[in-house]
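Each of the next two complexes has chain A plus one more chain, namely chain B in the first and chain C in the second.
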Partner chain A sequence: MRRAGRRREAVEGYLFLAPALLIIGAFHVWPAIYVLYMSLFRWDILQGAFLGLRNYERLIEDPGFLRSLLLTAVYVVGTVPVEMAIGLALALLLHQRLRLRGLFRLLYFIPYVTSQVAVALVWSWVFNPTYGVANGLLGAVGVPAQRWLLEPNGLFSPDAPPSLALAAITLVSVWYYLGFHTVVFLSGLTAIPNELLEAARIDGAAGFRLFRHITFPLLSPTTFFLLLVATIGAMTSFNLIYVMGGGGQAFGCAGNPLGTTQVAALFVFDRFWCQTQLGYASAAAFVLGLIVLAVSALNGRLFSRRVVYAA
Partner chain B sequence: MRRRVGRLVLYAAMLGAGVVMAFPFFWMLSTSLKSQAEATTFPPHIVPDVWLVSNYALAWAAAPFGRYFLNSAIMALGQVALGLLTASLAAYALARMRVPGRNLIFGALLATLVIPPEVTLIPNYISMQRLGWYNTYIALIVPFGASVFNVFLLRQAFLQLPFELYEAAVLEGCGHLRFLWRFAVPLSRPTLAIIALLTAIRAWNDFQWPLIVTDSMSLRPIQVGLTIFRSDVSTNFQLLMAGSVLAVAPVLVLFLFTQRQFIQGIARSGIRG
Partner chain C sequence: MRRYTLAIVALFVLGACSSVGSPSPTAQPTVAGTPAPEPDVTITFWDGQSGVLGDRLNDLITKFNSTHKIQVQRSFQGTYDQLYQKVVSAIQAGSVPDMAQVSGPPQTAQYWKANALVPVQQFVDSVDGFNQTQLADFVPALLDDNSLPVNGKKTLVSWPFSKSEAIMYYNPDILAQAGVAVPKTWDEFKQALLTVKAKVPGVTPLAYTPDVYYFFLPYLWAQGGEALSPDNMKAAFNTPEGLAALQYQVDLVLGDKTAQVTQGFDWENTFAAAKSAFAINTSVSRPFIEGAMPKDHIFKVGMAPLPAGPKGAKTDLFGNNLVIFAKAPPDHQRAAWLFMKWLTDTDQTIAWSLQSGYMPLRKSALAAPDFKSASDKDDRLLVAINGLKDAHGIPGSPDWQKVQPILGDMVTSALLGKATAKDALAAAEKKVNDTLAGF
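Right after this comes the complex of A and B.
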């Protein structure tokens, strides 16, 4: 009797779990396996001949792919530390007992809820080489007009990435994700027990020393979490770069000018969608996935030991 | 005195950051009200000389925005409804039912979070073709109808429900489904609201997936429509900005009304799009 009841409950439980597991399994787990299968074939619009690892051999010799990995690294380094540092600064600011802090928190957060397509269009307009307000500001201080999103020349030196175009996109990404970092850091700051800060103050710690030795270490779980999430997000970033980098426009499918904004996610999309090389694009996607996994694991190894938890 | 100067510096920093963060929205609004001649004046005017609210009517007429909005709304509501249903059932089973392998299932679900969406894009596109879902609302809704984050959040909420409540209900002969529906769901309303809100806004802003699985005007959501609109209006920047305002307005209104829950939800779950 009792056993029958348990069995009924188990069956009922599996039925409860079934819809979620089915959807997550079919559209999240299965494709991660199937992408590996696809990558072993020539696969244009339809599945073609079995190629073994030839797509991967092609990949490591493809300068476009190697460049896309380099550009992804440049983009990650240009966005993640910057948005985290400014986000932390703003969170510390908002953590003070200042008037209107609710309003400012709201203001900083707004970009993050708006669509990346719409804000990418606005920023493209800001960076318009002929009529844009960015050039208007430069003109006001006597700097010559720039081509911004159309400029393949490097920001620091003509041939080295990032191009001015990628640098401008990096700036927009920081602007977009800043509010996310601010809000998460702020909730981390709020979670620090007040007694600890009080005790440190009584021991004479204040200002930067208090931050350096007490606040920042206690904030490390939040910092670590943000680092991980932001790095993964930036490594697979697509929408902003696609829309601002001239995606779908007359001058190319994904990642312009001259491919200097074609980061890894755009490379995958370009080979998949624009050139319909699905097998080859799958190989690139799989490699990108492995790199993301490796970087996450590395992040965990490097930083998790330095994370301090307030007991 | 020093304290007051310090305060002033803090306020100045906060305000400066606020101006930078808000400027693109101001600029979008300002441009959307200019004539084409004024929009293409250089150096640009910060505030329009003449305010042409009629640009919005022109933009609305220049593309099927009504249809785009409807499609986005169907996609968002569909994902919210399906997402709440699947998450409630699964979270309840994981939190409250004696299911063999429960912890294993939960662990496996969490492990799937390491799969980046870029990896699943191409096979999912193939699946839509094979299932005959390509260019249908089903393709826009079902693949996003369950999320591990939602299950995780809701499981936490269900775990916090008082256990005595359940025991009392069982003595009354209440089954799991009824308990879930009558007690667990109503008592977890704040969490459900956060999930609904995050899902709706994410669906409204989604771009890459609808771009590849729709190919007819009648199914395209607003973000895809907006990129088509860009090539249609070419140098009519004031119309493009009016269209962009239209595309972000519903989300902004929703966000302004729910910002407290929304920001708390983000801080709690740490979802980054």
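Right after this comes the complex of A and C.
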């Protein structure tokens, strides 16, 4: 009787899981398996000869792919820590009893609920070298006009990433995701039990010490979550970079100028859609997926032990 | 299952970042000289004509649908890039429309290589098609643009529709102010830019978005050079002619500083605001330039053929053609052909040309009263048509899609001074040869 009840419970459980499993299976797992299959062939518009691992061998030697991985790393380092640090600072500020606190929360969150393509188009105008506001502001303080999204030269050295184009996109990405980080950190701050903070204050902790020893450790589940989500998001980032990086223009397809904004996701898109090398692009997509998995696992290994839960 | 999987994979790649039938003759067999009755079917047509051009195409389709048993269901697919991506996905999934617009010979060659098309030639040769006299009414360069070698014989694989070519735009007021005549050669063009720079302060002689099509290729061809070898298997541009073509642009941008590099379509706004004297773009840009003009400063847009080099004036043939898919049922294929044929009748090609700015496709259109009276009033309508004799098709290689960005990067790196013209050419040649050699 008890066993039958358990079985029924298990069946119900699987039934509840079924819709999600079906969707994840059909739209994530099965395509990923098929991408792996495609990556083993020469595949233009149609499936061609079986190549085994030759697409992967070619990837290792392809300076374009290696550069796209480097650019992805630069983009992740340029966005994730900055978004998180500023997001945390803003969350701490908005956690105070400020007037119009709700309004500020709303203002910071607005970019995140705006279409990325619309945001990218507006910022493309801001950085337009001929008509853009950015050059107008630079001109007002006597700084020469820049080519911004058309500039492949590096910010720090002519041939080293990030190019000014990628730096400008990184800036927009930080602006876009800041509200999300702020709101999630705010919810984390709200979840910290007041008694712990009170007790620390009674023991003489205040200001930065209170933050360092009580608030920040107790925020660690939130920090860990944001780190994981933001890293995965930045590693697979596409929309902003595609639109701002000259996708759809006459030159190349994705990741201009001179490929200096062609991060890994754009490399995949470029080889798949613009150069119709479906097998080769699939190999790149599969490798990118493995790297994202590895980085996520590394994140978990490094940080999950340091996560402190209040309860 | 596999088809759906491929469709999902395509969707998956697009979001993150089966063979088809062979092109064997599948047209409705007909008794010679006796066309079969028009099939009572609805055909699907994918295109990429946006805005006003889309509205005008709708008008033509409405007219066709109201006078024929065949019903055409138009489906706008977005930009030409998006249209291409969707057609590639559709071929993968084995779920193609009956007919579609296609962006020039390289894409047609790709679809053909994938056995996705039925050659238009079989309909042209059928009782529904044309005799030699009727076919001779079409501008030969446009038929060439739609032909590929099949079993050693030049065969019409696609059919012309919205065709344009690269031309030169100029602001007559600025040229008059500078005392400059419309340049007829590339040397005169260079000199004209210098004169405008010297004599008309505040005006950029030329604003342009660097592109392989508007300077490099026409200049190369005008010197007698080619981008690829005759069999499209090797780069052919790293030659003295290629060097001259690339150096010419470098001289304008970095040497003479008479050309301003713009982003996307910004050159159009600069030209429309009378802030630049010249522009080089496709012959269908005029309505867009006129639309961007400030209402208090309207001027007559000057249009002229591209300047000439030692081998004459050369220009790229742009625009779109139409294809019929091999997977479509035979009666749909025939219906698609009948629609295409109607769409390029003299009446329709005139209407489409006058409304869109694309060229009329038939010689008879030039003498037809509607077009004649329009071109008598405005001879700019004839600039592109007269330039057709100098048109040079984009290489009909299925790998051109891979070659084009390499040439684009070559131009960009030279214009930014990151490489000399000579080094940029050599680097691009190696990349193109590696790409064409496959792996």
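We adopt the following convention: the second predicted complex is superposed on the first by the 290 of 311 C-alpha atoms of A that agree within 3 Å, B and C clash if a C-alpha of one lies under 4 Å from a C-alpha of the other, contacts with A are read in each partner's own complex, and residues count from 1 in each chain.
The definition used in the following text is that a contact is a pair of C-beta atoms (placed from the backbone, for glycine too) under 8 Å apart; a residue touches a chain by one contact, two chains touch by 3 or more.
Given the structure is predicted, the values throughout are model-derived calculations rather than measurements.
Chemist: Applying the touch criterion given at the start, work out whether A:Met38 contacts chain B, chain C, both or neither, answering first, second, both or neither.
Modeler: In the superposition, A:Met38 contacts both chain B and chain C.
Chemist: Pick one for A:Val74: touches chain B only (first), chain C only (second), both, or neither.
Modeler: The answer is neither, since A:Val74 touches no partner chain.
Chemist: Any idea whether chain B or chain C touches more of chain A?
Modeler: If we count touched residues of chain A for both partners, the winner is B.
Chemist: Between chain B (first) and chain C (second), which, if any, makes contact with A:Pro129: first, second, both or neither?
Modeler: Second partner only, chain C.
Chemist: Applying the document's definition of touch, where does A:Pro257 land relative to chain B and chain C: first, second, both, or neither?
Modeler: second
Chemist: Once the structures are superposed on A, label A:Leu178 by its partner contacts, choosing first (chain B), second (chain C), both or neither.
Modeler: first
Chemist: Going by the contact rule set out at the top, does A:Thr276 touch chain B (first), chain C (second), both, or neither?
Modeler: second
Chemist: Counting only touches as set out at the top, which of chain B and chain C does A:Leu293 meet: first, second, both, neither?
Modeler: A:Leu293: touches chain B, not chain C.
Chemist: Check whether A:Pro152 is in contact with chain B, with chain C, with both or with neither, and answer first, second, both or neither.
Modeler: After superposition on chain A, A:Pro152 lies in contact with chain C alone.
Chemist: Which holds for A:Thr236: it touches chain B only (first), chain C only (second), both, or neither?
Modeler: So A:Thr236 meets both chain B and chain C here.
Chemist: In the superposed arrangement, what residues of chain A touch both chain B and chain C?
Modeler: 26-28, 30-32, 34-35, 38, 128, 130-131, 236, 238, 242, 248-249, 265, 268-269, 272-273, 281-282, 285
Chemist: For the complex, give me every residue of chain A touching chain B.
Modeler: My answer: residues 6, 9-10, 12-14, 16-17, 19-24, 26-32, 34-35, 38, 90, 93-94, 96, 98, 100-101, 104-119, 121-123, 125-126, 128, 130-133, 135-136, 139-140, 175, 177-180, 183-184, 186-187, 225-226, 229-230, 232-233, 235-236, 238-239, 242-243, 247-249, 264-265, 268-269, 272-273, 278, 281-282, 285-286, 288-289, 292-293, 296.
Chemist: Residues of chain C touching chain A in their complex?
Modeler: 5-6, 8-9, 11-14, 16-20, 79, 81, 85, 88, 91-92, 110-111, 113-116, 209-213, 260-264, 266, 269-270, 398, 401-402, 404-405, 408-409, 411-413, 416, 418, 438-439
Chemist: What residues of chain B sit close enough to touch chain A in their complex?
Modeler: 7, 10-11, 13-15, 17-18, 20-22, 24-25, 27-28, 31, 39-44, 85-87, 89-90, 92-94, 97-100, 102, 105, 109, 112, 114-127, 142-148, 151, 176-177, 201, 204-205, 207-208, 212, 222-223, 226-227, 230-231, 237, 240-241, 244, 247-248, 251-252, 255-256, 259, 262-264, 266-268, 270, 272-273
Chemist: Of all residues in chain A, which touch chain C in the complex?
Modeler: Per the stated touch rule, the residues are 26-28, 30-32, 34-35, 38, 42, 44-47, 54, 58, 128-131, 149-150, 152-153, 158, 236, 238, 242, 248-254, 256-259, 265-266, 268-270, 272-277, 281-282, 285.
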